[in-house]
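When the chains are written out, they are named A, B, C and D in that same order, and each has its own residue count from 1.
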Amino acid sequence: MPVAAFNLRDFESHAFRTLPAAHWAYLNGSAADGDTASANQQSWQALRLWPRVLNDLRPGALQQTACTVAGRAMAHPLFLAPVAFQQLAHPDGERATALAAAAQGAGMVLSSQSSTPMEAVADIFAAEPDAGPLWFQLYWQGNLARSLSLVQRAQACGFQAVVLTVDAPVHGVRDAERRAGFVLPEGIRAVNLPAHPAPLGLADLLAQAVRWDDVAALQAACAALGLPLWLKGVLHPADAARAVALGVAGLIVSNHGGRTLDTTVSTAWALPQVRAAVPPGFPLLVDGGIRRGTDVFKALALGADAVLLGRPQVHALACDGALGVARMIRLLRDELSAALALCACASIADIHTSHLVPPPADNSLYA
Amino acid sequence: MPVAAFNLRDFESHAFRTLPAAHWAYLNGSAADGDTASANQQSWQALRLWPRVLNDLRPGALQQTACTVAGRAMAHPLFLAPVAFQQLAHPDGERATALAAAAQGAGMVLSSQSSTPMEAVADIFAAEPDAGPLWFQLYWQGNLARSLSLVQRAQACGFQAVVLTVDAPVHGVRDAERRAGFVLPEGIRAVNLPAHPAPLGLADLLAQAVRWDDVAALQAACAALGLPLWLKGVLHPADAARAVALGVAGLIVSNHGGRTLDTTVSTAWALPQVRAAVPPGFPLLVDGGIRRGTDVFKALALGADAVLLGRPQVHALACDGALGVARMIRLLRDELSAALALCACASIADIHTSHLVPPPADNSLYA
Amino acid sequence: MPVAAFNLRDFESHAFRTLPAAHWAYLNGSAADGDTASANQQSWQALRLWPRVLNDLRPGALQQTACTVAGRAMAHPLFLAPVAFQQLAHPDGERATALAAAAQGAGMVLSSQSSTPMEAVADIFAAEPDAGPLWFQLYWQGNLARSLSLVQRAQACGFQAVVLTVDAPVHGVRDAERRAGFVLPEGIRAVNLPAHPAPLGLADLLAQAVRWDDVAALQAACAALGLPLWLKGVLHPADAARAVALGVAGLIVSNHGGRTLDTTVSTAWALPQVRAAVPPGFPLLVDGGIRRGTDVFKALALGADAVLLGRPQVHALACDGALGVARMIRLLRDELSAALALCACASIADIHTSHLVPPPADNSLYA
Amino acid sequence: MPVAAFNLRDFESHAFRTLPAAHWAYLNGSAADGDTASANQQSWQALRLWPRVLNDLRPGALQQTACTVAGRAMAHPLFLAPVAFQQLAHPDGERATALAAAAQGAGMVLSSQSSTPMEAVADIFAAEPDAGPLWFQLYWQGNLARSLSLVQRAQACGFQAVVLTVDAPVHGVRDAERRAGFVLPEGIRAVNLPAHPAPLGLADLLAQAVRWDDVAALQAACAALGLPLWLKGVLHPADAARAVALGVAGLIVSNHGGRTLDTTVSTAWALPQVRAAVPPGFPLLVDGGIRRGTDVFKALALGADAVLLGRPQVHALACDGALGVARMIRLLRDELSAALALCACASIADIHTSHLVPPPADNSLYA
């Protein structure tokens, strides 16, 4: 019997009651005081829609939410964000989220810390003709050779792009996680990565952290493989411009869901700054705090091509496995449909910044 | 024994305790997180009055709240907004609200989803010599012929204007309603409309949604009938200007009480934008969040000719039927009287934008 | 045994527990939702002090809070505001507040709705050599003759100025008072006024409300008597300028403690606007929401010559009669002393607008 | 068994439960309503970080938090602020905080109201080769001779600078302290000062308060002793400029933790104003509300060379004595390390104002 969920927050309430406290602390926790995790949500919600009326909505109908992301047609602009160790949320783990994403036409970015072999996930997507994009998230493995070996294995089994995370050279101040005494339970681990002999100290982490010259080398290698390289975790226009100059395929505006550094700018604030710094049409995704169809609409109005969902997929997964995640995606897509109609947009392409009231220029709402 | 109510919010508290939960969820519910429903109220309250003193108030006296709306004299600038299925709130339904409105000189806009025959409502207004305007709210019926047939029936029994709702091509994300499992109880239905064979799906809704060319055709037809056509649900100045160009009689600035799309601009924010886009003297009404006489005063200071009351009429109706609604109207009118005197305005015509502190130009208070 | 009170808010907590609910509703209540009553307090508190250091404080010492108000030397810039029917708070009523004010060197403005004969209050002030100013608050009595008769009686027994209230032509929307069913108890009434045959209706109130030409006539009459005339309840610079042009002695910036019209501008917001509209050195007082010595300091920094205390005197009176009011005045004076020293001001004359951070010019903090 | 503390606020929660109420009221209390104490914390937190990515972090590693304060190398930019009577928090008092500071390489400013002989503290620092700076806080002793005698004694036993507090000519309105009836318990006193015969009254306090000419004289005397003189408690740029002109070694931007004057500007707001008023490179420290590594990062981005910790040292001291304070320092340093890495700063020197979103220029966030 599936949980009663009428919106994404309902899944969160159920998951909180369902999951062991330490798993919840890891999966849902955020850095320090949780200010950024909270501000991400509030910033989307605080943006005001300025709806239009009476436009012709007939062209929309079933194709209303259809869109193109980096040249690929999708049924809607929703991706599952990379989330590590999904077996913590549900025994089916990444298999369940992949089934749901593939069935619903959502994109999926598999974490390199997946608790499920990447090949199993790729097989699920391969079996679904209408599946969306399947991408592989990469944590830099200390050097190019090790990183590339992972990338090549992902490409071999069917992943279509690489998403390099650049905002997490260290783990972040995860008070909730430490307070709960979270450790990975027996049997759950990053099965696609070589086992670490021991956790790295700060000096080692800093020494191995990915750098601009690593990105350049990886970009060249990916180009040689014909594999698009995305960077995830860019918030500053200067970094965005530098990444574009290196030839990356796209950027994901993200603050890691507030899990690494607290009190950063919200992604709703950063997105238009980044959009202004990249060429017209350059592929941009955004994550962090998306909970409503109106949030998706606003992200697109501010220049994103699609959005990624992190915690909501975990919440739904914890509640009902693949079925929960599928319902979560469907709920959000339906809300987006309603938002489009109620703003008199026949399609995603009709969304425009003028559908938002301009926020104050002086940052007084920058939370 | 009538409920103890000293202001409009008191009726709300009583109604919440009185009504079945599912009826409350339908009647008082709003879209998604209720952000717009709440912001509507807060935005009026946040506006600051800058009172004047010592003007001559003698001319006011009993005619103090008298006003003219679209050329018609009224005792005060209060209308009952269209609310569907009022028998959900009280067995007397629309008969009760009509009795109260007529007795108090308020205008009334009957919903096309009235649970009472429109003729019965018209008869009540016809029997009261001092009744205010009686208008008919129209949901587009898929084509001009069906829509016009409803309009002609309304005109025939005495309705004096048509109010076409343009902000609800789809139903909105009504979480509370769905969570409560609301369905229309046996015996309550839209008696003035043909029974729907089955609820429409999204594709059909979008295909049948009213469009600008429909408005043009309806406007021409109404003009031929000598019936003023208003549009309800306009928030954007560009849409307002386009509607004016089509020759409509007036506009109602509304976000449907926050029941269709959440996180839209509040009506207090949108009203002056719309006022600036229409010709001087063009009839404008506004609804959403009006709970105090000072709210009415502020709406008029920002350019409205009158205001409409949605949920407050339902609350009062649920408490005490016609008597409750009449008391609600009277309370609000008395509060408006006090506000006029305390701003040293002898009459409605003395209300001016300079009675408000200009809100910040940068939208930092746009909630 | 006096109540334990370490600041003005402590008296409020005690009084709330002490007074009958209906008396509390009348004495402490405010108009409508209490937004203005609350904003008055918050607006003072929200202003930020920008302290200086290391100035020579020796000249200050005991004369630190000494000041001059409209040409008269005072030990400190504190007045008791006019409050009606003080026997509702304590059997000793206005006798107690007068004893406290006289003993502490505070000014006092006796309400024309005093429950104690004005002569008794005047006698108390006459008996105290170091007493501050004693003024008489006047509600317009419908015409000049009746008003003047009251003024002359006040002058005869020793009152030194008249304060005409101009912001209360009607009573205001006092929900709390009506909900509590407040009526004046047997034995408490406005003993200095002729008994009203019956409460006046709105039409009569508006017809008798004081007007600019009445003020001109009263000013001429007071000038002939050598009695300074103040206006209380001015918020708008245009009204202030007009009053100055009529020759009044001073103005009290006030919104009646939020008891008449709700959601007006706060007095902290209005004060600098009024100061900018009157000649340099023109006497200005302010009331509404003053609870701390820092509030007094801020009011003086924004251009007030002194402040008046309304509810705090009632709270202290209800707690401990004259002793309570005396302690309240002393507490506030001591807090003002500390604020002066901690801003490195040797005296009141050293207070300057530059001791405040300029609030935003765009009204975004205008609550 | 040490308390479970994962961040600085955890120590506060434990200390609140551990300390006698009156000690808590004194140690943690603030002036009046605690508005400034609270705003200090909120203002740091409200500042938004704008992180960069992918810079080379290898140079950082173990020397990542190393910095130079007024010419002296330190392992990190953390100081313990002067706090009086630390035996109120823990029997080990200042010995414990000194042990912790010395072991962790933090600077320490010993209060002249230390409950421990200054020589004992100096010995602890002398015994630790990697100890940070040890400074002596001075309350003006009424005249230069008495003040200098204290300074010379401090220099003799090893203190390396003098910090003159200039923001506390009087005690402040400490409601919580008075409500709790706090008095120094038997056996705890300012052992380095001559016993006061009796508490001073206001007139005496004002007469003895330190003045600009005293600072000039003290500065000359300290220069002769080769001892740097800092001023603590400066918030206004004009005062900062004047102090610089007198030749002081550095300034501490402080509002005394909100313990003297309530509703002052927060130190996060004042810091950049003061930085703009002093020469480039002029030593500036700041305290008040620092609770997170990101707060330290922000303070440095706004122009501070280091920060001081007041209440957090008391909380940790109350919990676990020297061990608690050492853990508190270490936690904060680790958080600063994480913030550096996550903003892609290899070292303190890489921190720049551009890592912060500019706050609104109009003070609308000045709380």
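The working rule: contacts are C-beta pairs under 8 Å (C-beta built on N, C-alpha and C of every residue); 3 or more make two chains touch, one makes a residue touch a chain.
Here is each chain with its UniProt name: A, B, C, D = Alpha-hydroxy-acid oxidizing protein.
These figures come from a predicted structure and were not determined experimentally.
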### Task
Examine where the copies chain A and chain D touch and state whether the two sides share over half of their residue numbers (same) or under half (different).
different
### Message
Let me check something: if the centre of a chain is the mean of its CA atoms, which chain is farthest from chain C?
### Response
A
## Note on the structure
For the C-alpha superposition of chain C onto chain D, the rotation angle in degrees, rounded to the nearest 5, equals 90
### Where chain A and chain D are represented by their mean Cα positions, the distance between them in whole Å
42
### Query
What is the distance, in whole Å, between the centres of chain A and chain C, each centre taken as the mean of its C-alpha atoms?
59
### Summary
Flagged in chain D as touching 2+ other chains are 360, 362, 364
### Residues on chain C engaged by chain B in the complex (per definition of touch)
32-33, 35, 166-173, 175, 178-179, 202-203, 205-207, 209-212, 214-215, 231, 233-236, 238-239, 255, 260-266, 269-270, 360, 362-364, 366-367
### Query
Which residues of chain C touch chain D in their complex?
4, 6-7, 45-58, 60-62, 64, 292-294, 334-335, 337-339, 341-344, 346, 357-362, 364-365
